[in-house]
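Let me give you the structure first, and then I'll get to my questions.
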Amino acid sequence: MLKIAKYIILDIVRSKVLLAYTLLLLAISLTIFMSDADVTKGLVSITTVILIIVPLVSIVYATTYYFNAAEFTEMLVSQPISRRNILMGKFIGISSSILLAFIIGVCLPVSLFAFSATGITLMISGCLLTLSFISLAFFTSTITRDKAKGIGLALMLWFYFSIIFDGLVLLFLYTFADYPLEKAMIALTALNPIDLARILILLQMDISALMGYTGALYQQFFGSGIGIAFSLVMQLVWIVVPLFFALRIFKKKDL
Amino acid sequence: MKSRVVKIGLLFLLPFQVCANTIIVAPHTNVATLKQALTLAKNGDSIIVKKGTYASINTVIDKELTILGENHPILDAHFTEEVITITASHVKLDGFIIKNSKTGSMRDFAGIRLSNVEYVTISNNILVDNFFGIYLSNCLHIQLLHNLITGSANIENSGNGIHLWKCKEVLIKENYVTRHRDGIYFEFAKKCLIEDNLSEKNIRYGLHFMFSDDDTYRHNTFKNNGSGVSVMYTRRIAMLDNTFIENWGSSIYGVLLKEITDARIEGNHFIRNTTGIYMENSDRITVTHNDFISNGWAMRVLASCNKDHFTQNNYKGNSFDVTTNGTLKEIYFSNNYWDKYDGYDLNKDGVGDIPYRPISLYAQIIEQNPQSVMLMRSFIVNLIDKVERAIPSITPESVKDDKPAMKPWKK
Amino acid sequence: MEKIIAINGLKKSFGRLEVLKNVACSFDGGGVVSVLGPNASGKTTLIKSILGMVIPDGGSILFKGQSIFNTFDYKRHIGYMPQIGHYPDNMKIGQLFKMVMDIRQQDAVDTDLLKAYQLESMYQKTMRTLSGGTLQKVSAALAFMFNPDVLILDEPSAGLDPLAAEALKEKILEEKTKGKLVLITSHILSEADEISDYIMYLFEGQIRFYKTLTDLKRETGEQKLSRALTQILSSSSC
């Protein structure tokens, strides 16, 4: 599978879209850091951008690439190589390419201008977010047959996770404001990879505010390493599980 | 003529000089305890205590003496009594390790107790595991310099590190207090100067005072104390260039101000506290040139405050800048730097052209529904905050900075 | 002689549409089999089933006596030329060949078509810049490259210029003489006429007939495949 990954990387690195994505991230990061001497403020702005753009580009680009390479996948299937290796090879190839863009576009400037615990958390959660949305892209691509539907579904997922979901959570909070919802809130967070990445960053950036919360469960969640461990593990689940289902479907899929 | 006067003066001084003895205390000698030396000594004498460990079960210093420890001799009360009590004025106590005073709820046992005295200096001592560290009651003109005061960090067996009751003109400088109940505690202590101290990891407050008017706090650091700093019922204090750092938890504040009037809070740093300043019933406070950095809430100003001025402060990296519980009246913000300000400065005079509203809608939402803290920095929250800032409808209209600074203030 | 491919009771439907209804047939080495049939008769599905791209609902496919389900190693012995070759945009021709060699862990032993189509001089070109015809040439060259026992060609001459199509035809005949099995789907009857040994006709997911070309012509008394087909199909429908 690494062989396939290698050639996919060689293909994607030369693509204009990926180059544009890299330059976009780089431009955003550099503009933010150059225009303001205040590094913390810069990290806040970058967080806002990352939580929106990274999932969007990751899921849409991966889905598009998946469908554009449909005939290529067929060709690969006609070769003596297992379907598992083909899909994993594609996943590794696509995700390393998009990660590379993220590393150059965000990690590099952050390391240069804002190398701190918050900066590192930002980089890690950005990478995990990229991977989980590529994993989701593979899932949506395997369950749909044509490109338009696949991209439509990908966009819907992005919109749901980045905007609708939190809106629903807010509504939920207001509807059941009189009940203790700590457990429910933590469980809800786990249902959204963007929220998980956000919480990871919050735990660095806003720990002072989070510690002001009175509830014992939140205190424990935020104050100890539990919150970080939980978010990281759930984030990994969001990478592994959609990919696992994609693999199961792909193994049985007619091309 | 002039030299003659000097000579006569010297003649007067001479007898005192001649009579002042120095008594040496050392283990296994004729004078093997401080108590022995005290019985031998007269007013004006010096006692030098050599290195060693001495039992000191409430040693009472009742003469005007200079008592110096060489290489930090240890005075140990073995948890049976107080270690040292000073009942005479003009005493200097320097260079000891003072440890293990009795603990208990009956009396406030202390490492060093000063009671009804004047002009006493306590310097360069190391206090370990005492119930109270240095305890002053009804004293005047005292200097506490460069002492290291460490408590047991045990909630039941901890009194205050430095405790002042009914004192005046006390200088507290360059001390380090940790693991006590309150680091520095004042009740009715007036006109004191508290300077260059570090109070950290105390169980309750790093600094705690009540009814202590006209005090000045300069260059102190209050770090990671159980409940931050709490000051109440006091007039005309000045808090200048102090650092309040990492005081975390619910109802824990960098500084809690309750019924404080006419105070000056200038040049302080509030860094990574859950709440930088909490203000209740506090009037005519001027808050200028402070840095509020990476706090959860930079300030919580309750509606009971009046005529307070916040000018030329820097608010950077705080999760929330200002919150309140009702309608603020006569609270003035001006010329502050807010990192969340996204207005513009067309005429390039360094002042933003549109006002900044430091109370965000989301801060109000959290106020009502604390569990929504989980949504911080989400897209939806950013969105409603932006909309609210553009068209204020719920957040108080009156709280705003009409002249927000475009660049942070530098000192 | 052992059958190279033996298919039994093969069934496949897409949704409600039954594409293959109980197809049974077998193929030997040393012959060219043309799989003919109208659109949507199941030609491509049959081929894709053999290649493991389509997973059948029932029946069995044996390759040299072994079931192909859940395996992929047998594909080492197959060269496949798809109807439309489509490769990653920024991949170079050379890279594609290199990659397939990597995957199969075989060297390019048969470079006849590479030479005939002069592809070696274009190794540095990326797929995006190639015309449809050139892509077909690449696909064809790739199918023959590893000297496989079985060649499966899906509409091979579509999009190829006459010279290239001729070269391909030569190559197919040459491989046949080496004892290989060549499976071709095609719409162009004249082409099938020239190179086929067997004709399989699929209609609505079933094999209408599967016989040698000579038998077919003899039974119908026609000299040309197209006429023979017309006759046999019209007679049976009456």
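Descriptive notes on the structure:
Order of writing sets the chain letters: A, B and C. Residues in each chain are counted from 1.
Everything below uses one rule, namely that contacts are C-beta pairs under 8 Å (C-beta built on N, C-alpha and C of every residue); 3 or more make two chains touch, one makes a residue touch a chain.
Please read all numbers here as calculations on a predicted model, not as lab measurements.
Judged by the touch criterion defined above, the protein chains link up one after another in an open path, with no loop closing it. Central chain assignment: A. Criterion: smallest distance from chain C-alpha mean to the mean of all protein C-alpha atoms. Taking the mean of the C-alpha atoms as each chain's centre, chain A and chain B sit 46 Å apart. Rounded to a whole number, the gap between the C-alpha centres of chain B and chain C is 88 angstrom. The centroid of the Cα atoms in chain A and the matching centroid in chain C are 42 Å apart.
Looking at the complex, you find that chain A touches chain C at residues 3-4, 7-8, 10-15, 68-72, 74-83, 252-255. Contact residues on chain C toward chain A in their complex (touch as defined above): 14, 48, 51-55, 72-76, 78, 80, 82, 84-91, 95-96, 99-100, 102-104, 126, 152. On the chain A side of its complex with chain B, the touching residues are 38, 40-41, 44, 47-48, 51-52, 162-163, 166-167, 169-170, 173-174, 177, 181-182, 185-186, 189, 194-195, 198-199, 201-202, 205-215, 218-219. By the touch criterion given at the top, residues 248-250, 252, 272-275, 293-297, 316-317, 319-320, 339, 368-382, 408 of chain B touch chain A in their complex.
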